[in-house]
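Shared chain: subunit A. Partners: subunit B in the first complex, subunit C in the second.
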Partner chain A sequence: MSRKLLWVGAAVLLVLPPFYLDAFWLQSGLFAMSAAIGAIGLNVLTGAAGQLSLGHAFFLALGAYGYIWLAGGDERTAGIELTGLGLPTLLAAVLAVLLAGLVGGLFAPLAGRLRGASLGIATLALVFLGQHVLFRAEGVTGGANGRDVPPLNVFGLEFADSPEPVLVLGIPFNGLEKLWFLGLVLLAGAAWFARGVLASRPGRALNTIRDHEIAAGALGVPVARTRAAAFVLSSMYAGLAGVLFALIYRRTVPDTFGLALSLDYLAMIVIGGLGTVGGAVLGAVFVSMLQPLLTRYADGIPFVAASGSAGPSPAEAARIIYGVVFVAVLLFLPTGLAGGLSRLTSRLRRRRPGTTPNPPASNPSREESTA
Partner chain B sequence: MSVPELAVRGLTVRFAGITALDDVSFTVAPKTLHAVIGPNGAGKSTCFNVLSGVYRATEGSVTFGDAELTKLPPHKIASLGVARTFQNLALSDYLTTAANLQLGRHRLTRTGFVTAGLHLPSARREERAQADKVREVAEYVGITEHLPLPVGLLPYGVRKRVELARALCLEPRLLLLDEPVAGMNGGERRAMVETIGRVREVMDLSIVLVEHDMALVGRLADEVTVLDFGRRLTTGTPAEVRRHPDVIRAYLGKSAEEDPAAAPRTNDTPAQGQGENP
Partner chain C sequence: MSGLIEVLVNGISSGAVYALIALGFVIIFKATEVINFAHPSLLLAGGYAVAELHDDIGFWLALLVGIATTAVLAALVEMLVLRRMRGRDHSVLSIVTIGVDIVLTVELARRIGTRVLPIGDPWGSAVVRFGDVTIAQTRIAAIVVAFVAIAAFLLAFKYTSWGVAMRATAEKRETAALMGVRLGRVSAGAWAVAGVFAVLAAVFLCVFPTPGLDRTVSFAALKALPAAVLGGIDSTTGALVGGLLIGITEAAVIGYQGDIGLFSHGFADVAPYLVMIVVLLVRPAGLFGTREAARV
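Showing the complex of A and B:
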């Protein structure tokens, strides 16, 4: 009952921002949504299946540039001959996600056989390879200068600014306002799907592969195939996050998709909580909202420099802070923020009389001989 | 579902420098309980690891009915109805007992990434049906009260039972138990032996059991194979084996003259784990 209320409350809160917040916050929030989608995917792979991936940025790039290339047209800007298929944008978005999955699938022989840290090293190669290709393939990516992102058009509804924006409750609905709702829908769908996977047969198989690979095999789990499937799924989540990312920023540069982005994603799932959807979302919001918060309130925060003066920039400060939080979580909150939060709420609930009691306390008595 | 014969023929397993199994042969007749005994390092666990596809045989064959197990990957062997437990527990500590048992249902269920992700009715239906089955097995093994708890919180003896229950969830035709009562106290031991005896009576399966305790083996086994330093010393009924001079010398050591059923030479404490092999 109270749980349902909580969800309704959250839904209402999430619908409000376009009516109250400016473009800066909308963009930051949308970025957090895109990050959350990507982090959910990484958490299926790294959290649930124990497979380290440093290549998440590569698959984000595939989604972003896949969309741009599939939807964009042939054009010439700044002396660079750009190519594109000019497909309908919705189709391009779907195909971009599939493309990320397909490339993830090509990686399956490695993703299935390598375990844990060794996969991390193999995927590291992907990031570097990806960066190289992105800078070189100017016709697709626009090179170092980047390329404009064609706005998404879903059956006539265009997710772009227009000279005469629609008014919703007196508020002009431009690209970001519309994208906000698209982001919510995509995130909700992504979370719903991942919960379904993690809570049932495939999720348990992934967990068992993580905890005891040999036992998983002996119980009938095709270990390599299941790992490869998790890799493909995680790639598709990254692809979707990449598409949304491109739509939010309207221009994409290859620099974005470097190793640092992959590490950001790892930080998100560790900070938020490994192996759960809630953990991924929480971590993504934390990591990706830190920098905008610091940027906006730099003047009020002692050690962060406002633009132009000495000291760490908001971006650097954000990295430092989440680096510290990362270590603190590793040391003190092995289940991440999500785990800590759920422990806190269950403790509060236990204190309050009259509410549903928790499952039996965690000290099962030693089983006696009569069985 | 019929239970075929398990035939181990000329099985040899070599690791760098060590011959863990040397030309071992034995046959497990359908629906019997076959014990494999031998001192520490005799190659018992290695034998199980070959049977379940974890290790490759250097030479020899293992057939279960028509299937040649030495050529199959572990999950294919499991899908033939071969289930095993591990000497040093191999459970997912963070998952609940129920979820661990549900994994035992993996080979008998279908739900994949897409059906699970889309929350399709078939996935929910299957999940519910499996939960019922899991409950049934848990009751049978006497661990119902532990179903909602993470396995990591359970005492060692209970976890051993959880592993047995997980193996039973596979509905096996061949059950491989690697030292199922090792590290248990007297009461837990008796209960486990009683459960294994009941499984054997009631279910349609063959059991291969690795155990140190001669008295226990004598009570449960139809046939016993004795391994020593990777070689098979003898196979026979428990009574025959106990009288075999090589067995008395190799396995029971000097204490044999005093009491053949007494604690064997190498009564290790597997709770600490004893090898890096699974």
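Showing the complex of A and C:
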């Protein structure tokens, strides 16, 4: 009962921001949602199946540029001849996600056969190859200067700023406000689907492959095919995150999709907790909100320097902080922030007099059995 | 013809440098079964130490200090982080080195900023001429130093008690421990040796014709990673062959990029990865790697 109340409360809280926060926070929050979708996908692959991927940024780029190219038209800006198919934007978004999945499927011969960290090295190739192509294929990507993103249009509802925005409860609803709700819907759908995958047969198969490959094979799990399928699924999640990312920023540049972005995503799932949907979301929020927070409040934080003076900039400070947290979580909190949080709440619940403790069967962590 | 010889010598020279880095990956993998994604930051740390110190204490002393610093840093990573995670899943052990790499690389890149630091080597931009073939002295020095370092390591690996202990550990950890091999010492030693190789490589990555050390030097270690993998991550021979293969590929692409056409510019940065992908498609364990035989 109280759990249901918690969910309702969370839903109400998530609907409120467009009515109270300014564009800076809306954009940061939307970016966190897109990151959460991508991180959920990576967590299915790296967390649940134990297959390291450093190529997540490449699939994000496929989603983002796939959408731009499919939805954009032929045009000419800054001396570059841009091409595009000019498809309806909703169709373009769906096709971009499928494109990411298709390319992930083409990688199957390696994604199915290589194990753990070896796959991580092979996927490095994708990031560097992707960077090379993004900078050179100017007709599609606009080259180093990037390309504008056509706004999404779902059955007449356009996710863009308009000269006369609709007023909802007295608040003008512009592109970001509308996108906020799209982001919420997409994230909820992505989380719901991944939970289903992880909690049922495929999820168990992935966990068994991670823990003991030979045992998984002996139990009848087609190891290579399951690994390849996890790779495809994670690519499609990255593609969807890429489409949303492009819609939020309205202009994408190839520099965004470098190795650093892949490492960001890895940090998200490690910090949040490997192998769970909640962990991916929590980690994504932590990693992607760190830099905007530090940027906004740089003056008040002694460790971070304001721009122009010595000391780490907010961006550098954010990376150092989450790098340290990354290592610390792996050392001291193997289940990540999400796991630590749920352990903490269950311990608090037990301490409180008058409430019955959780039966150990429903929460079989090691701490429970020794207590 | 002279063009081909220059391409080959340059290729072998940078291949020797890549082999040094790749050997670092292999040594660490053999001793601890971890793919060390923190290697780029160790390489950057060593190069940075040499570049900062050579003005005050001279190049050779700076090199010694750089080697010592990086060896200690590498051993510390092993002792403070990896040793505490023994028994956890191997992919998690490799992932934690990525976190170490993020912290070290960001801090070093911040210190270096946008500067290009000269490394202060004694060879400068001098060249050697054989007929109409012109080769930079630094390229020859790279080959000689890499050859000596690798030979010394292979001899130690084969004949000293440390080498025997390490090979025993790579074979079977538990048995080695029961035979009195001190695993902690072997692992920390392996990390330190890999750190030493990384510094030597860093120096030769920053000498002529490169203007000096900048924050992107660490990417060279990421290019040596394909070298280690395509040779076989648990094979020292593989690291040497892989390093040379990557070096020559890169030199050939740079030397002939005018003839390749469309995507030519900057293609040299991608070529190592393409070679790796092709090799892995045919042999997933690399050219000389141990193939795991498991039948279900």
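Here is the rule we use: the second predicted complex is superposed on the first by the 356 of 371 C-alpha atoms of A that agree within 3 Å, B and C clash if a C-alpha of one lies under 4 Å from a C-alpha of the other, contacts with A are read in each partner's own complex, and residues count from 1 in each chain.
Just so it is clear, a residue touches a chain if its C-beta (ideal position, glycine included) is under 8 Å from a C-beta of that chain, and two chains touch if they have at least 3 such contacts.
Here the structure is a predicted model, which is why all the values come from computation and not from measurement.
Engineer: Please indicate which partner A:50 is in contact with in the superposed arrangement: first for subunit B, second for subunit C, both, or neither.
Structural biologist: The second partner, subunit C, only.
Engineer: Touching A:194, do we find subunit B (first), subunit C (second), both, or neither?
Structural biologist: Touch status of A:194: first partner only.
Engineer: A:172 contacts which: subunit B (first), subunit C (second), both, neither?
Structural biologist: So A:172 meets neither subunit B nor subunit C here.
Engineer: After lining up the shared chain so the two structures overlap, which partner does A:218 touch, if you call subunit B first and subunit C second: first, second, both or neither?
Structural biologist: The answer is both, since A:218 touches subunit B and subunit C.
Engineer: Going by the contact rule set out at the top, does A:9 touch subunit B (first), subunit C (second), both, or neither?
Structural biologist: Neither subunit B nor subunit C is touched by A:9.
Engineer: For A:229 in the superposed arrangement: first (subunit B), second (subunit C), both or neither?
Structural biologist: After superposition on chain A, A:229 lies in contact with subunit B alone.
Engineer: For A:203, select first, second, both or neither according to whether it touches subunit B, subunit C, the two together, or no partner.
Structural biologist: In the superposed model, A:203 contacts subunit B only, not subunit C.
Engineer: Mind working out whether A:116 is in touch with subunit B, subunit C, both or neither, as first, second, both or neither?
Structural biologist: So A:116 only meets subunit C here.
Engineer: I'd like to check the shared interface: which positions of subunit A are touched by both subunit B and subunit C across the two complexes?
Structural biologist: 210-211, 214, 217-218
Engineer: Please name which positions on subunit B make contact with subunit A in the complex.
Structural biologist: Residue list for subunit B touching subunit A: 52-54, 73-75, 77-79, 83-84, 86, 90-95, 99, 102-104, 106-107, 109, 111-113, 116-119, 123, 126-127, 141-143, 145-146, 148-149, 153-155, 157-158, 161, 166, 170, 186-188, 190-191, 194-195, 278.
Engineer: Enumerate the contact residues on subunit A facing subunit C in the complex.
Structural biologist: Against subunit C, the touching part of subunit A is residues 46, 50-52, 109-110, 113-114, 116-118, 120-122, 124-125, 128-129, 132-133, 135-136, 210-211, 213-214, 217-218, 259, 263, 266-267, 270, 274, 312-313, 316, 319-320, 322-324, 326-327, 330-331, 334.
Engineer: Taking the complex as given, what residues does subunit C use to touch subunit A?
Structural biologist: Listed in rising order, the residues are 34-35, 37, 81, 84-85, 88-92, 94-96, 98-100, 102-103, 106-107, 110, 222, 225-226, 229, 233, 262-263, 265-267, 269-270, 273-274, 276-277, 280-281, 284, 294, 296.
Engineer: Please give the residue numbers of subunit A that touch subunit B in the complex, ascending.
Structural biologist: Touching subunit B: residues 192-194, 196-197, 199-205, 207-208, 210-212, 214-223, 229, 233, 359-360, 362-364, 366-371 of subunit A.
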